[in-house]
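Input: structures, listed below.
Each of the two complexes below includes chain A, the first together with chain B, the second together with chain C.
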Partner chain A sequence: MFMNTGLFEPGKTKTERKFVQQAVKQSQRLDGRKSGESRNVEITFGGEYGSVIVALGETKVMAQVTCDMGTPTTSRPNEGKLQLFVTLAGVSYLDSVQKTHDKRSLTLNSLLERTFRTSRCVDLESLCVASELHVWCIRVDVNVLNHDGNLYDASTIAVLAALMHFRRPDVTFTDGELRTYTEKERDMIPLLFLHYPVSVTYCIYTSNFQPFVDPTLLEENCADSTIILSFNSYQELCTLNAGGTVPTDVRTIMQCARSAANRCKAMVTFVRKALDLDEQQRLQGSTRKYTGMLGLMAKSSQKLSFRTLMKGEQKQEQQQQHKSEDMDIEAEARPSAKLEECVAENVENDQPAQEEDLRMDASGWLPQEAEPEPIIDLTKQGPGKPKRKRNKGNKKKQPQSS
Partner chain B sequence: MDSGSAIVMPGERITSIEEVAKEKRVILGPGLRRLDDTVVASKAGPLRHKEPNTFWIDNYQRRYVPARGDLVLGIIKGKAGDLYRVDIGSADIASIPYLAFEAATKKNRPDLNPGDIIYARVLNASADIEPELVCVNSNGKRGKLGLLADGFFFKCTLNLGRLLLRENCPALAALTRELAYEIAIGVNGRIWVKANSLRETMALSNAILTLEQAGYTEIDKICDSLGDVLQA
Partner chain C sequence: MNIPGKTEKVANDKLREMQCEFNPLSRCDGSVMYCQGATVVISAVLGPIEVKTQNLSIDGSYLECNYRPKAGLPQVKERIREAAVRDVLELALLSEAYPRSKMSLQIQELEDRGSIDACALNSACLAMLIGGLPLKCSFAAVHCIINDQGEYVLDPDQRETVHQRASFTFAFDSLEGNLLLVQTKGSFKIAEFNDVESLCRSASAEIFRFYRNNIANYHCRRPEGQKTSEDNMET
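And then the complex of A and B:
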């Protein structure tokens, strides 16, 4: 075993830290991006349903979804199971301890758990074949192939895309007999979703109040704190994960939240588009030369890039971002049209509680000017907990069932 | 250097060298091994040949294997007795004694802390003991060695480090035409740069990293575009 593992990472020397801090002060990034600019996202679908590689710059994450028949838990007899397994084994500069017990792998694990399981994005009841007897167990394996920062976003995009891409075989249960149909007998069935969550990561530095989106590994290692927000396509908050040492005020978090919500929406649209293109290709029956890993990594396999697919929509998105930035400057508690839209959006019944908070009028969502907000303790928090408390009062006054 | 070279894979027997070896002595460089009468590749990459009789494999690697006399960039990891522990990217952590700095005595110790970067020479490198570094030459003078302050530091492949240090490599000269800078290149795949401003340092380090994929012909183009970027 190597004795000096972990040293191959950037951002471990004083020189690098100082340099990045200085650059941040001038709002510059090493790769020439602006503080609110993300790297390009590329999705490659494998030959199998449910296998996906997502590249976020140099960060590469592979997700593979498989399914199996199993028995449900006694507490939820009519629900299927969704299991997530994350390994950092592909990252060569981490040693065995760092791969499993390091803070970052634990954070990644818990983030994925909360984004996809706790938020109940997959309709698990539809995975039940026979109550208390047979349910589908969906297993997602997330393999980190290369780590250049922002594993969180890459992983959530990969998991979401893989789950959306996945098809399970049809099954019937009659007279105590389970019958699984092959692809030729009956069409494969995609999973049912209640909502589509994706995360966005921000780095915050003491020297600049502006949050930096989609950090590289160097930026991440030099950052004073990291905020990860998961939103779904209805712009509802699913996960908030904040850690680090910078005293972050509510305004910064809200600023992050607003742009993250837009970004997540665009990202889900992008994943949908990519899936459509992939489906078209499958229908055309373009034969793939390779299967498995090789197919995903081969140069010939088609990469679907965020920048090319979302060209038209990105302009809109930027305009929206400008709008929201203007709002930050004014910092007025004015209801945003965007959020009212999602009130109107038809949301399924069994959404988690924290999402109800967001469906309220946006004015409750923004920090109030007069009220001096306490500095949020940036230890790991549950999804949106402080917000729930603050909004409790408003909740009753609001006409909820509009 | 012979540019038109074949790619060899580990375990491949290389008969071309064996034939040359019949007539004269050959020198086998990194990535090549002699097994009895045969020459076998132990790394993957293009086979290089330098007249009259030197062969080696120019393989892609990030893990540094220390060799005596190499100039390396190390990161101070901590203190242990009268030694500093230094990470040079090799399998073992290297060490440098307090007395291996210029004008250092038992009382007058160098002031280095974890996270500092030093430019040092490998004094001892063997398979069984930790590599040992020094920051002075045989006359006790530091020359260019020692602590590197400010600037920017990044890691790259070993190839890039070697490429820049090669005598006939036009890269550094071409960069000099564009801007003034200081650079320290370690053969352990680490580079420290410092230019006049933050922007210049950033542009410089990005330019150096792009050189990795470039051939000699493209180097000028990249350096020119660096100038454009800086003027913009």
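And then the complex of A and C:
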């Protein structure tokens, strides 16, 4: 009787797909961004420690960190626990009768698990109070408020910011007695980090060899394959998630990886700056009202946004771009048999210098062979060894095909 | 508490400052971010939409109402809040308008700094209004406590609720000011109850005025009793 219009997602129909593919072919995006341009990121901190809302364009994700005492697992008796929970239900209306829901929540969950738990970014040993008896259990709840594409980046930024913002109460363990101090008695303690990972998402289409960073929901649903890369601030790869149907060559992925590494580094710097500003505001609290989540309202004057906070640094980047512009043209004119048309178009369309430039910029930091291993076989994930062999084969083939 | 310093104290018989933003979310029919003081909730409505056969009713629409806490899964406390919102909404919703359908309301707590029950109810009403779902009447909820000195504190901050003797939440409809919800906790005398009720009733008028002004503003009409300079120029 009723069409579920509210639940119907953009990018699921053939016409929409066709339209997006055509736009992509001309390296155009609906919101006027260039292929290597991200949406603005805004962070709002709540009144409590460890409560953060991240807005990536229209996508909004809330992360809340809580902690309590628990017992460690027997296999790791001197390590605290870090648990991540993702909720798609609620105001985002993503849980209702949708086929894609399961896949989406699973992907998001596994991405967060790998980015934050498997990469061991939080120093869990520092969360141990008494070995085999008492450890801190850190729980991160990720609530999706609105989904307009790129839930992955928004959630990783939110989780990282929430973990960095979080403070736990001090605790002592003497003579078998556990004592927790309130904030008035002793200062709260921030978590210790080993590194700071953030992810960057790219969409790849059959009609254009160029990856499109930070897709909207329409672009994401129309994409032929999606690549998610997590890097930490030291530009080390933490997670790589690649899926879809486009045969992606090593170069594309390397290109993604290099620009992602830079983006992640900038993002971590931004989160740090935002945290500093938040701390300053808290300290000023006696003279001025601390707003907390009220900062979300449109009227509020001070917003911690990526564009405003990183203005100075982006200028520096641009200067670097100018230096290496000559090299760009070389890189841009990379011959590719099937995609010659696209390349020609791209040159005309005055390609974003940024991305190409990044390719040259950071060419030193990744060994050329180490990276492509897990990537090429996008369709199926076989067992480790045979896959490697296949990959090597692919690598040899590629120069011939291109 | 982590909020440093003190937010400016509001007089005991005044509501804290209310603010709202309409349609901050893009996936639903109507949504509102509503704050009262530092308490912030976000509500979203979707409807009328398809209903599962098990919930289908032929003489009215099914109302789904969910409240999500900031962290963790909904516990008993949240379920009670959810039930209160559902009870009031079922009274106010004109469900006969869309039989065999579902109206869905989701409330997400963003920050709880006192009188979250009343905030959730008010945001639910605003979301229904902005989402264009049929209501018989709008409603407003007010929270009030009696502190240990016997003073009535209207719309208390979380700090003030630590020393409470009794706590009340009332919801009133907009037509005749009928009571839609009464929630009480603690010990009090009947006279005190009556006092608090009339206090809350007068405060609810302010909330209704807030609704009217904001919705008029959103739909690009001047709030009542205000004349802009442009208007004066024209005339």
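To be clear about the criterion, the second predicted complex is superposed on the first by the 284 of 402 C-alpha atoms of A that agree within 3 Å, B and C clash if a C-alpha of one lies under 4 Å from a C-alpha of the other, contacts with A are read in each partner's own complex, and residues count from 1 in each chain.
Operating definition for what follows: a residue touches a chain if its C-beta (ideal position, glycine included) is under 8 Å from a C-beta of that chain, and two chains touch if they have at least 3 such contacts.
None of these values were measured; they are calculated from a predicted model.
Trainee: Between chain B (first) and chain C (second), which, if any, makes contact with A:90: first, second, both or neither?
Mentor: Touch status of A:90: second partner only.
Trainee: Let me test your reading of the model: by the given contact rule, A:16 touches which partner, first (chain B), second (chain C), both or neither?
Mentor: first
Trainee: Once the two complexes are aligned on chain A, which partner has more residues of chain A within touching range, chain B or chain C?
Mentor: Counted on chain A, the partner with more touching residues turns out to be C.
Trainee: Would you check which partner chain A:109 touches, where first means chain B only, second means chain C only, and both and neither mean what they say?
Mentor: After superposing on A, A:109 lies clear of both chain B and chain C.
Trainee: With the two structures laid over each other on chain A, which partner does A:64 touch: chain B (first), chain C (second), both, or neither?
Mentor: A:64 sits against chain C, while chain B stays out of touch.
Trainee: For A:26, select first, second, both or neither according to whether it touches chain B, chain C, the two together, or no partner.
Mentor: The first partner, chain B, only.
Trainee: So which positions on chain A get touched by both chain B and chain C?
Mentor: Of chain A, residues 2, 4, 7 contact chain B in one complex and chain C in the other.
Trainee: What part of chain B is in contact with chain A in the complex they form?
Mentor: 62, 75, 77, 87, 89, 91-93, 113, 115-117, 148-155, 192, 198-199, 201-202, 205-206
Trainee: For the complex, which residues does chain A have touching chain B?
Mentor: Result: residues 2-4, 7-8, 10, 12-19, 22-23, 26, 28, 30-32 of chain A touch chain B.
Trainee: Flag every residue of chain A that touches chain C in the complex, lowest number first.
Mentor: 1-2, 4, 6-7, 46-49, 51, 53, 58, 60, 62, 64, 66, 85, 87, 89-94, 96-97, 139, 141, 143, 145-148, 183, 282-283, 285-287, 289-294, 296-299
Trainee: Residues of chain C touching chain A in their complex?
Mentor: It is residues 1-5, 7-8, 19, 21, 24-29, 31, 33, 35, 38, 40, 42-44, 46, 48-50, 66, 68, 70-72, 100-101, 104, 106-108, 110-111, 113 of chain C that touch chain A.
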